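The following blocks contain the structures, represented as structure tokens.
Two complexes, one shared chain (chain A), two partners (chain B, chain C).
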Partner chain A sequence: MRDLWRDIKGTLEPFWVTLSYIFKKPVTIQYPEQKRTPYSRYRARIVLTRDPDGGERCVACYLCSAACPVDCISMQAAEDENGRRYAAWFRINFSRCIFCGLCAEACPTMAIQMTPDYEICNRDLLNLVHEKEDLLIDDGGKDNEYNFYRHAGIGVVNPRGGNEDETEPEDVKSLLP
Partner chain B sequence: MVTLTIDNQSITVPKGTTVLDAAEKLGIVVPHFCYHEALGAVGACRLCAVYIETEQSKGVQMSCLVEAAEGMVVNTLEPTAVELRQHVIEWLMTNHPHDCPVCDEGGECQLQDMTIAGGQSIRRYRGKKRTYSNQELGPFIEQEMNRCIQCYRCVRTYRDYFGGTDFGVMGSRNRVFFGRFEPGRLESPFSGNLADVCPTGVFTDKTYRFKSRYWDLQEAESICPHCSLGCATIPGGRYRELQRVRSGTSKEVNGHFICDRGRFGYGYVNHPDRLRVPRINGEECDRHEALAAINDKIEKLGGEAVGFLGSSRTALETNAMIKSWAEQSGSKSVCFECHPQRDNAARSWVALRGDRGRSLADIRRSDFILLLGSDPLNEAPMLAAAIRQAESSGSQVAVIDARPVKLPFKAAHLVVRPEKLSTIIRALKSGAFDNFERHEQLFFEGVLKSIKKAERPILVGGGDLLQAEGVAALCELMAQLPEAGGDFVHLSGPNSYGAAMLSGAAPDFETILDDIITGKIRALVCVESDPFADYPDRKRLQEALSKLEFLVVADYINGPAAAKADIFLPTAAPAESAGTYINCEGRMQRFKPVLKPGEPLRITGDGGHPPRRFSHETPGDQPRSAAEFIANLVGQPVTINDLRQQIAADDDRFSGLDQPEQGMLCRANGELPTTVNREDVPGKGDDLLHLLPVADLFGSGPLLSYCSALDAVRSAPCVVLSESDAASIGVANGENVSLQTAEGKLAVEVRIDAKALPGLVLIPQTGADAFLPGGVMIPCSIRKNGARDE
Partner chain C sequence: MNDILITLLIIIIKLGLIFAVVLTMAAYLVLAERKILARMQLRYGPNRVGPFGMFQPVADLIKMLTKEDVCPAGADKYLFLFAPGLAAVTALMSLAVVPFGPTIEIFGQQVPQVVCDLNIGVLYFLGLSSLAVYGIALGGWASNSKYALLASIRGLAQLISYELSMGLAVVPIIMAARSFSLTDIVMAQESLPFVLIYPETFLIFFVSVAAESKRIPFDLPEAENELVAGFHTEYSGMRFGLFFVGEYINMIILGSMTTIFFLGGWHGPLLPPIFWFLFKVLGVAFVFIWMRGTMPRFRYDQLMHFGWKVLMPIALLDVVVRGGFMVWSLGG
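After this line comes the complex of A and B, so read on.
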């Protein structure tokens, strides 16, 4: 007997649930005519940002490529005439990327950042292989203050010993105590 | 032997072992910076703190300074010791820059590792950081002094171990500075070791600057191909490019270090002109086509009409393949060194050395070393380092040589004509010095006295100057040494010893050339050997080889022979293949492939990114190891391990070759070559001088001229003159002169050396087409530039 009641309830309840939604506002939107704004921490298309002085932030340290679980980042570091280390080329293969965000987390210079731009599907896989020109934006992304070279000791933006947290280079031939 | 307990495990170690070493034997790593196995302990960094529970030295102690004692109980995890280590790291990091992302040491940095291991991941110090200005130290080493943690390893390596004088420590209190006293190129030929020993990123390899991270490198254990010592190296590469070489560890050979020739001489593997596709008459073709053409031609000519030439830079396995290929085709003309004098010197060393050959480790422990015709810094650099270790622990060193041998330590030095060396060695044996001048007699008497006094004397010879006769004399003299003494002769190539063992009493290249001239031999197969570059008498070679009908060259460098070859096969460089070299003391040492053959991305991508298309092909992947080519030719494909087994089984002198242990010594000896009489001393004309080609640190050896990293340090063509010769020609140091030999005229710079012998002109081998050391002297004359030619 108890089973019978259970079956009736089980048959009617779903209808009730369905009916009750008829009077609610639909959540489905008509993509692509209609688009939704994702949260700013949404993890999609990756960009390379610039520091507040307009320089490329990426120093080609290979940390993002080491952190990447699917090995989709590759690059070659180089040095310019001021001693600045930068990426001669930098490539992300978005057909392999799983948008886990580990690269952005590993990046010591805030260069590589995730953006909410999720519309990067393409029929040709090669179009998903982005080079540095495709990745580089003219902005600091989530942080417009930080410039790694103003903290590193190698003297690229400021002369050696000229950063805020450094003293002037020592005179090693001085005999003063 | 003492037994102590570390972290509840007991271990017995020889007396004198430090607690740090004893712990390491148990697999317990005590963090440390300044201690280094080769350099010893100084207690500078204070990181290796452990807690000692027993009475003798109770409390927190530096484990690198405390000797293990009987019954000692050590706790490495005691809280105060752990805390001290953490604070040490913290204070070392107070001035450390925020540099890891742009630091080449990152990923293989001991400071990074220790910081993480110490658990000190937050910087509490908010003060300003000390900075330094850097120095420009030449083409090999980059300095970034801000990263220094004052462990003193660099000075201890550069000055104490290698005897360099231009580098040291300056400054006081917390601003000590490690660098050259004046900016400029580091003078020591061992400067590259700074990059290996510095536990931080102060000194890094400039040729590898920003190329890769350690974790991206493909590395493998290897053996240096640049001289006969066979130092252990670890080359590393990425994107089909060999990017650096660091030192491997081999207790018996190089210890922990290598020389700059071995470290920075890797460019030949990446050379842009390297030929990577087989060619027939200069036209690129398929590998199988080329192999078939070789077989056809050899069959047509008949085996007796074909000469086979291996080389002393070719792996033992390949040379053995060449030998069996020659046998199979019915040829008796097979030889493994195209420089006849070097070949004979190597064969005579292999045949006569007896069983008291000594290793570099023995030399480091020796108490008297006599150098006979050996210029270690230019011929076998790490030998100089080994002798210096002996010298700095009290050994005496004496040098008898034709060159003003420069050494990084004090040595008694006698300069004699090169052809007199054998006579001198025989005189040392007999003790009869009547035919010598007074100062020479005194020198020899001193040498004999020192030998008598010494317990472990070692005679060190150089194959190039001694030649077969001198080497034989040296082996005889050795028999008179005390039981613990021995001898050591360095040869020319990394596998000269192996080549000499395989040659036995077979004819040398001179005989092959004779046969080519008489038309008996009509085809020549050169495997990783280039007589156009490595045979001393260019004229005779031209004459002979122009008679050849068919020349096959298989090589990994694009030398002069490659351009003349009818068929060219691109072989894999040592870094791209596996093999065995036998070093000059008979040690069989294996090298493993680091990379697969392929054209570096830097070249194919023109410095830019990899191609934007998918492909299954690797550009330039056609080279194969020479052994593999020959295996295909003779129709019995074998793996390198089969090959080793076969060689070991066929010839019991090589037993152990197939065993995986590194560095077994070959058993027994080779045979003496069939001697060929040649004129050793050229005739003396009126104003005729004798030209003696000698080895040069960055110029000698068939591979070095293909290494672009060395371009900046290669010396300009020059001749070394004695003061009296210079005066009679009327030239001053640094002036340009023209050197006239039978081969033509050459403009060279003059260097006057107070120790040089009158009548003898030394010409260092500075490039690919310079005069070759190791042969006979050449009559020459020198004219001041501008002087009228008669």
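After this line comes the complex of A and C, so read on.
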């Protein structure tokens, strides 16, 4: 008998719940009109950043393209007259990219970075192949202060070993410790 | 001669009106259901086509009409093509006996607001609701699909089971109104709707009606998670649409029958009778939708158990007790 009462109650109570829900505000975010702001570490469109002096950060080391699990990054390395490497062309195929962020993780110069710009869908796949011009931005991205050549690398900003946190290059011909 | 012509004209006009109103109502009932269900789940529901999604039914219609009409290989072609029409037509035919309001006078003509006031209207309705099962049974059988076949078997068994208790629940009403005519039944409720006099009969009737409409919690013939889409798994385009529209017309009809049998038909204060009728039908339809948003689906054995071992005996007992009481109070 108590079971019957429990069953009747259990049948009728949900009706009140659903009725009361009609008058609550829906939780839906109506996408094209309302957009939610993604977190700053959201992984979407990839950009190539510049250092604070305005130079390209990318040194065309191929680490990102090696790290990429879907092989969507390709580039051609080149060297300018003082030996500084740069990418002659740099291409990311966003129709293959899975936005895993491994490229940004692999990058030694913080050149390649993920941004929260997620609206890149397109009707033509070829429009999703971004060239270097499309990828380069005039900003430092997540760290505007960082310039790889002020900390390491060949003498582009300062002569080799001339940076504050650097020691002189080791004289490999000397036996002294 | 002239009289016959005028009568014929009036009937045709009434038929046209009913077709237009009911089909539009069925289309917008779909929208209303989607909207209300969505709000119950804290969503908005369709709101893209036109203001508040009001043109969604039109968009759906265009989509269904332009879709490919697929007939699966190995299907019984003629039955397959015929079944959806049967489902929709049997649903529509019941509307012929539904009285929407009292007899009114237009240009000196007595016009009853019912297409045909059959003196066996109740039996006609019960007969047609039994026929409606053929749409499901044939459609599912002709599809040459396991899911559809299982669904049509379920549908058959379910409808036959619940038809019984529905028929039995109508018996006290017929005894009270002393007529099989739906108009007379409504007239008998002029002072008090039958739901207040026969609350337990109303409950039995309402549960059976919910089962007849093949909707949650009795939607076993189209249990999505077991049978894909049940008997209309193989249907596409407007043939699926016909099944769908048939289901919602059926909902309107069962709503009107509940209104006629228990809620006092068109009787009500202040407003014109036809509005009262419409309000009551929409109210019942809302309860159906509300039920869908609230309840889970029965298991098949629970459904059969409930129909045969609970609802049927109670309905029988109700008929006997109410009938006995009526005989006793009449001093028989």
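Structure notes:
Everything that follows uses one rule, which is that the second predicted complex is superposed on the first by the 137 of 177 C-alpha atoms of A that agree within 3 Å, B and C clash if a C-alpha of one lies under 4 Å from a C-alpha of the other, contacts with A are read in each partner's own complex, and residues count from 1 in each chain.
What we mean here is this: contacts are C-beta pairs under 8 Å (C-beta built on N, C-alpha and C of every residue); 3 or more make two chains touch, one makes a residue touch a chain.
As the structure is a computational prediction, the values presented were derived from the model and not from experiment.
Once chain A of one complex is fitted onto chain A of the other, the partner contacts of A:L126 are limited to chain B, with no touch recorded for chain C.
With both structures placed on the common chain, the touch criterion links A:E170 to chain B but leaves chain C unconnected. Residue contacts after overlaying the shared chain place A:Y21 against chain C, while chain B stays out of touching range. In the superposition on chain A, A:C61 makes contact with chain B only, not with chain C. Within the superposed three-chain model, A:Q30 lies in touch with chain C and out of touch with chain B [touch as defined at top]. Contact comparison for chain A: of chain B and chain C, B touches the greater number of residues.
Of all residues in chain C, those touching chain A in their complex are 36, 38-44, 47, 290-291, 293-295.
Of all residues in chain A, only 11, 14-15, 17-19, 21-22, 24-28, 30 touch chain C in the complex they form.
On chain A, the positions that touch chain B within their shared complex are 59-63, 65-66, 74, 76-79, 85, 88-89, 91, 108-109, 126, 129, 131-132, 148, 151-154, 160-161, 165-170, 172-175, 177. On the side of chain B, the complex with chain A involves touching residues 97-102, 106-107, 128-134, 144, 146-147, 170-173, 175-177, 209-213, 215-216, 239, 607-610, 612-614.
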